[in-house]
Amino acid sequence: MSGVLQNLVAIIIGVPIVSAGLLALLPGYWLSARLNILACLVTLLAALSLLLTARPPAGPYFLIDDLNIVFIVLNTFVGFSAATFSASYTNHELAIGRLTPTYLRFYHAMYQVMMFGMNLALVSNNIGLMWVAVELATLSTVLMVGIYRTHEALEAAWKYFILGSVGIALALFGTILVYLAAQPVLGEGQGAMIWTSLLTQANSFDPALLNLAFVFLLLGYGTKVGLAPLHAWLPDAHAEGPTPISAVLSGLLLNVALYAVLRFKMLMTANDRALDPGPMMVVMGLLSLIFAALMLYRRRDIKRLFAYSSIEHMGIIVFAFGMGGPLANFAGLLHMVMHSLIKSSIFFSVGHIAQIKGSQQISAIRGLTQSHPVLGWGLASGVFAIAGMPPFGMFMSEFLIVTSTFERQPILALLLVLGILLALGALVLRLIGFIFGEPTGELKPSEAYYVPLFLHMSLVLMAGIYLPGQMVVWFQTVAALLG
Amino acid sequence: MGLTLAVLIQGLQMLLVVAVAPMLVSVVRKVKSRLTRKQGAPLVQPYRDLIRLMRKDVVLAENASWLFRVVPYLVFAATWVAAALIPTFATGLQFSWTADLIAIVALLGSARFFLALAGMDVGTSFGGIGSSREMMIASMAEPAMMLIVFSLALIAGSTQLSTAVQFLASPHVGLRVSLGMALVALVIVALAENARIPVDNPTTHLELTMVHEAMVLEYSGRHLAMIELSSALKLLLYISLIGCIFVPWGIADSDANASFAAYVVAVLLYLIKLSVGGVVLAVFETSIAKMRVFRVPNFVGIALMLALLGTLLLFVSMSL
Amino acid sequence: MGTLAFDIAHLLAGGLLLVSFMMIYQDRMFALLHVFAFHAVVLSLSVAWQAYNQGAPHLYVTAAIALVFKAAIIPIALRRIVKQLGVHREVETVVGVGVTMLAGIGLSALSIVLMLRVTAHADAFAREDLAFALSVVLLGLLMMVTRRNAVSQVVGFMSLENGLILAAAGAKGMPLVVEISVAFSVLIAFIVIGVFLFRIRERFDSVDVTAIDDYREVHR
Amino acid sequence: MSAVEFELLVAAVLLVLGPVAVFLRRMSWVSSFIYASSGGLCALIASVGAARLVARTGDSGLTLPLGLPWIGSHFQFDALTAFFLVILGIGGAVVSLYGIGYGRHEHDPMRVLAFYPSFLGAMTLVLLAADAFTFLLSWEVMSLLSWALVLTHHQETNTRTAGYVYLVMAGFGTMALLLAFGLLAGSDGHYAFDTMRGAVRSPTLAAVILGLMLLGAGSKAGLVPLHVWLPLAHPAAPSHVSALMSAVMTKVAIYGFIRVVFDLLGPSAWWASPVVILMGALTAVFGILLAMMERDLKRALAYSTIENIGVIFAALGLAMAFRANGLTAAAALAFTAALFHVFNHMVFKSLLFMGAGSVLTATGTRDLDQLGGLIHRMPITSFLVLVGAVAISALPPLNGFASEWLMFQAVLMSPAIPQDALQLMIPAAGGLLALAAALAAAAFVRIYGIGFLGRARSPAAQTAVDVDRFSLMAMGTMAVLCVLAGILPGMVIDAISPVAKAVLGGQLPLQTHEAWFMIVPIAEGRSSYSGMLVLLFIAVSASGAAWAVHRFASHRLRRAPAWDCGFPDPTPATQYSAGGFAQPLRRVLGTNILGAREVVVMPEPGDPSPARLTVTVDDPIWHNIYSPMGAVVIYVATKMNGLQFLTIRRYLSLVFLLLIALLVGLMLWA
């Protein structure tokens, strides 16, 4: 059994890196796009079969537990659908000459490197390895963000790179501090970095060191999560990179960073004397939420708009996990999954829309329901879903977060509601402009590839009405784990 | 007392009000003329007017719709039904349970509603002036009236006029501040509702000051007759109302099998009350000038305030 | 571990902090690069001493990387960039050097107080080391935010990273230190290449500020 | 099959019908098919609901494994639900009938058809839901679908503005409800209504929940000051949708309020009720004043909806006040009045909106000043609208008066209340309600007089013709209901009494046994009213008088030009305009309450240009609350927008400062 598991893990991290190598060598756009999809599909299948096999004890490097399996499946799934979207997207980019075949080859290779980095970060049982993997994923996305080589793209990539590097450094310092805290108990060397041992022994660690470490980790990984005021790289990176990458950034990379934060939060809660990380997360979450909600109003670029919405939702999620308790944690997890699915599907439709209109300017996009009904209503359902309206899944998570918070912390719940409402106001304002009114600009029919969009939206819709019992049990165990 | 008699008395009441109404108008006019040192028309003049109008052809504006022709009868009917439900000389009439005081007020509201519509039907500027001002005055007067009704109902424990009057006629109602306020308020409301000075002038034909008359400007012949008759009925209704509430003495109680003599006395007393009311009205109208139309809301507003105050004071006196 | 070993480690770590202060103090570009090279040398000595004390031979690799890469290659490369791109030879500061120094002292105090809170579970050796490392990290960040020139910001980042290496080396038996130092070297190489490629003369964001500002207002 | 299963099934079919319409979009019969089947399904909904109320069939409940995983989706079918299902069913059925005809004129019919049946289905679900999640989910889906319907004519800027304000307010309302349910459920998440009902709460907590419900349900119903979206959104939708939104959706909001405040929360503290009464009464006056000033026919109707909502809330507040003091009979009276008015408003407001829709189809305009003379061109529609106008003005013998009368009877029960504050306040509130009723009459004289009477003010109004027979049938049905409910109020009261019994534990005495279809809410000596007799008397005396006059006096008739005091003017522009009609009341009440301003621009002597009178009436709530709020958000957003354009160094400074702050915090904490 263990062999199977190891094999699956090997597939999950091996397939991406191998295909990254292949893609770097393979010429020909058609083949590499297909190979990219295939690699993602294989990874996804491996991830799904993780669900079916029994889980063996964790090894020194890799670990599959209830928490990360959620992330892995989500990660590989969105990675896969984004790859299918990417095929249709890049096809168009190649046709209009925004990307050359050489850059595309690089793009596909980097896509797999990024998948590798993220998968590795998720399955690693070693906090050092996790750090390395998160950084790898970050650096690969930096390269993708700058791939258009326009002035703005380079600037965005540069900003991302510099801020990311500082984040990297802070996270590393935090990791070193955790090691230092663990070392007297677990002994020197590898052992003091293995997650599972850390967690079991956490109570005997020095709480002061853990506190200090958490500050650095929260800031370091929080930069990647995009929490305000560490968010600055995020809108630019989303807006200037290729849209599939925006989808992956919002849908996946933020989650991976969040996963790291959650891991260390668990460590903190496992130590009785350490600072409760909850309030810190709650404050940062609320700050991000309200800040991003206000920033939504003055946007002129559609991708930047949704990038800020990602910050907003990361705020909500971090808030939920910060509040803790079975309901809020459950809601936080659900919210995270829903956000990944919805936001990537929004970026799928935004990508097509921007290609049709030849612009990402909000003012250039009007009357979509009239000129492109499917895309228009697809975008509308995406925006409704992201604004937390039923019958989509995010409504359930917001329902749980708000109702469970209000009884415990009325003021916080009111602030949360304020943030959500502010964001709703901005999103709806823009949405009405996008999909209603007389259509302007290019009216040619779209050659969009709708499958990933509708796949995501139907999952989200289903989750809003019916959650499979198994998934609920599974989420509940994770929620209990998170404390 | 059998059902026949009950129906008979009710019928008598209906006939009485419609028969006496023009006379009341006549009395008012006569007294006013005399007060201004004029001879005045003979007392039967309103009856003659009505009959002459009835016999004349109707000259209908070309644009008038069916509504315009139906309204006079509707208004008359609504006012008549309302007047028939007021205990004029006897309480507990057969059909008095049909509608209580609130419904009577609302019936008058219906009449006004249709009349205002008729004023707009032909599409003239004067009709519009009349209707809009009438509705403005009414929207002040009606809540005042309703508050008066509240005061009464809270004192008497019933909105049923018969019950209330019986209660008020009984000895255990002393002088009440609230009742006084209600009286003043009711008088103001009555003046406003009947288009009397100082709110409106029933005899004016100066266009810009008209309210009620502007509304019915396009009416002629039998239609006008019905409308004149209904205004007379309405005046009678209000004076009877004031009479039966504030001077309820002498009213026969048909529930208590009043004797024939009691009825006769009651009818006589009622006629006296009416004449007194008419004379007082005439004196009041002669001694006061008409207001500008936009002063009217303040005037009617006084009624509203007094009625409200009356209601509130009622609670104070009850909790004492 | 004897007191001598401790004293030497203490001395070297303290030296690193002192050199950090010297970097903050410098307002000439070339002098800054020289001091940075010295910073790297001190780091390399410190790491080597740790390697010797902990008996961890792989740390010597880290020390060597620090010595070769940071004390030699990077300063030389930056020097060439400064010359080739015609960067100002003076360091533009946001606030005065005096204020920055005061802030730096405050930061050091903060990190030492924080580290002293750490109970005796961690041995004194690591504790001292860590206090200095944290100071160096914070000073590096301080330098990044108070200097306007791209080159001096890169230098700030590198000194920050030196602090990290110091901390990692000081953490007894910490695995992956070499890998991390290699990774960081690559990162820094990227940054330096980026500065060079994008012709960032003055600031990180001076790719072409005026043109971008117009664009920003209209389009985002 | 139990009633709840049946109703759920119908709701599900309705929900699915929307997407089905999309698939059938190429068929020529799709519009008629969708409206006809929606109407039929609504009739089914109503009949099952009516069976519960009249035949007293039992309650039923159902739990489906949907929604919140560990709670499930609870559904219930009890008297309260049944009553509102009847409201929904009748409204939906008749409006759908109207839609068969009206829908043909729609430029882009799929924008209505795809959402219309689902909207009905979502409202049904709200009424059936028996746990917080299902309730809110259906509630918000209802909002969303109606939003999509509002934006049918999305090319108009005003419509888009309306859609925006609507959705944001809907979001606000949902959040308020969310918080309310959060408190009701407690931190352990008891989201099912059954568990909420049993919980014990402090009066303060109950009051907070009540306040949140006022915000949540009130914003959907249109309670001042949360009403601003309503006069924008309701008129923007196609008229049959406006009818549904005004007549039915606002009632669903009231259902939500009753369900939570009366059913789940139980008796509240007495001091909570004055808030509701006062809010309701002020809403009534405020709404109808705005209706009085409004030039747009449909907007005026929307404002009148606000008034009626206020009346209903005031009655509900009365019921709360009585209930808080254990006066069950009085509470039942007020509650019955409220529900009676709910029914009545559904009937006449849908009638009026359908009438407005017919006018819109016939003339292409909603501007009262472009209408006039329609009574000649559209006789049937005009007659039916007249019935609606009389009914909504609370005039006997139609239904509006019956509920108004009950409400005043409830007001007169106030001496039984021990608290002085309430004793003093209730009659004052009653005065406000009377004021609102009087103003309503004025407003509808204006709407009807300007819009339907007089001479045509535009060529469009001159050439209008009456609408199709489906529309007329639909309006006719509602007009008949107006009359029936007016003359047989006892039957309606008896149908409501199981609801009052279930919710309050008390009910009015049975009315259908009274002679002459009299209603006697308390005792005969106290008050009684028979709409039937009033109608009979008026009919007999009016026709008798007419007959007598025609028989004995004269029946000749001559047509001649209008007299108009000798100055007839052939141009229709000399008629009173909508603004002119409103002028007296605008001067009296509008100046202070609504901040109405008149600006006269008089040309210099010798200048031949015309003098101009400009009148501005603006909703002060919008100006004093919403506009500044929006301005603040935009101001803050604009100020913060600078954060988008900082240099990397400044961003790094932010990171650095946060780090220092956290470290200092850590130092101080430790």
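Read from first to last, the chains carry the letters A, B, C and D; within each, the first residue is number 1.
Quick note on the criterion: a residue touches a chain if its C-beta (ideal position, glycine included) is under 8 Å from a C-beta of that chain, and two chains touch if they have at least 3 such contacts.
From a predicted model like this one, the values you see are computed outputs, not experimental measurements.
This structure's chain pair with the greatest number of C-beta contacts is B-D.
Comparing the CA-atom centres of all chains against that of chain A, the greatest distance is found for B.
Separating the CA-averaged centres of chain A and chain D is a span of 44 Å.
Each chain gets a centre from the mean of its Cα atoms; for chain A and chain C, those two points are 31 Å apart.
Computed from the mean C-alpha positions, the centre of chain A lies at a distance of 78 Å from the centre of chain B. Separating the centre of chain B from that of chain D, both taken as means of CA atoms, is a distance of 35 Å.
Residue positions of chain A touching 2 or more other chains: 158-159, 162, 166, 208, 212. Annotation for chain D: residues touching 2 or more other chains are 644, 648, 652, 655, 659, 663, 666, 670.
Touching of two or more other chains is recorded for residues 114, 117, 141, 144, 204-205, 220 of chain C.
Shown here, the protein chains touch in an arrangement that is not a line, ring, star or fully connected set. Remark: the chains found to touch one another pair up as A-C, A-D, B-D, C-D. Of all the residues in chain D, the ones that touch chain B in their complex are 372-373, 375-376, 386, 390, 393-396, 401, 404-405, 408-409, 411-412, 415, 420, 423-424, 427-428, 430-432, 434-435, 437-439, 441-442, 444-446, 448-450, 453-455, 516, 518, 524-530, 533-534, 537-539, 541-543, 545-546, 549, 553-554, 556-565, 568-569, 572, 574-576, 580-585, 587-588. Partner chain C is touched in their complex by these residues of chain D: 644-645, 647-649, 652-653, 655-656, 659-660, 663-664, 666-667, 670. Chain A contributes residues 158-159, 162-163, 166-167, 170, 208, 211-212, 215-216, 218-219, 223, 229-230, 232-233, 235, 275, 280, 291, 294-298, 325, 327, 367, 369-370, 384, 387, 389-391, 395-396, 398-400, 402-408, 413-414, 417, 420-422, 424-426, 428-429, 432-433, 436-438, 464-467, 469, 472 to its touches with chain D in the complex. The touching residues of chain B, counted against chain D in their complex, run 51, 54-63, 65-67, 73-74, 76-78, 80-81, 84, 95, 97-100, 102-103, 106-107, 109-110, 112-113, 116-117, 119-129, 131-133, 135-136, 138-143, 145-147, 149-150, 153-154, 157-160, 163, 207, 217-218, 220-222, 225-226, 293-294, 297, 304, 307-308, 311-312, 315, 318-319. Those residues of chain A that touch chain C in the shared complex are 128-129, 132, 135, 139, 151-152, 154-155, 158-159, 161-162, 165-166, 168-169, 172-173, 176-177, 179-181, 183-184, 187-190, 192-193, 206, 208-209, 212, 239, 299-301, 304, 361.
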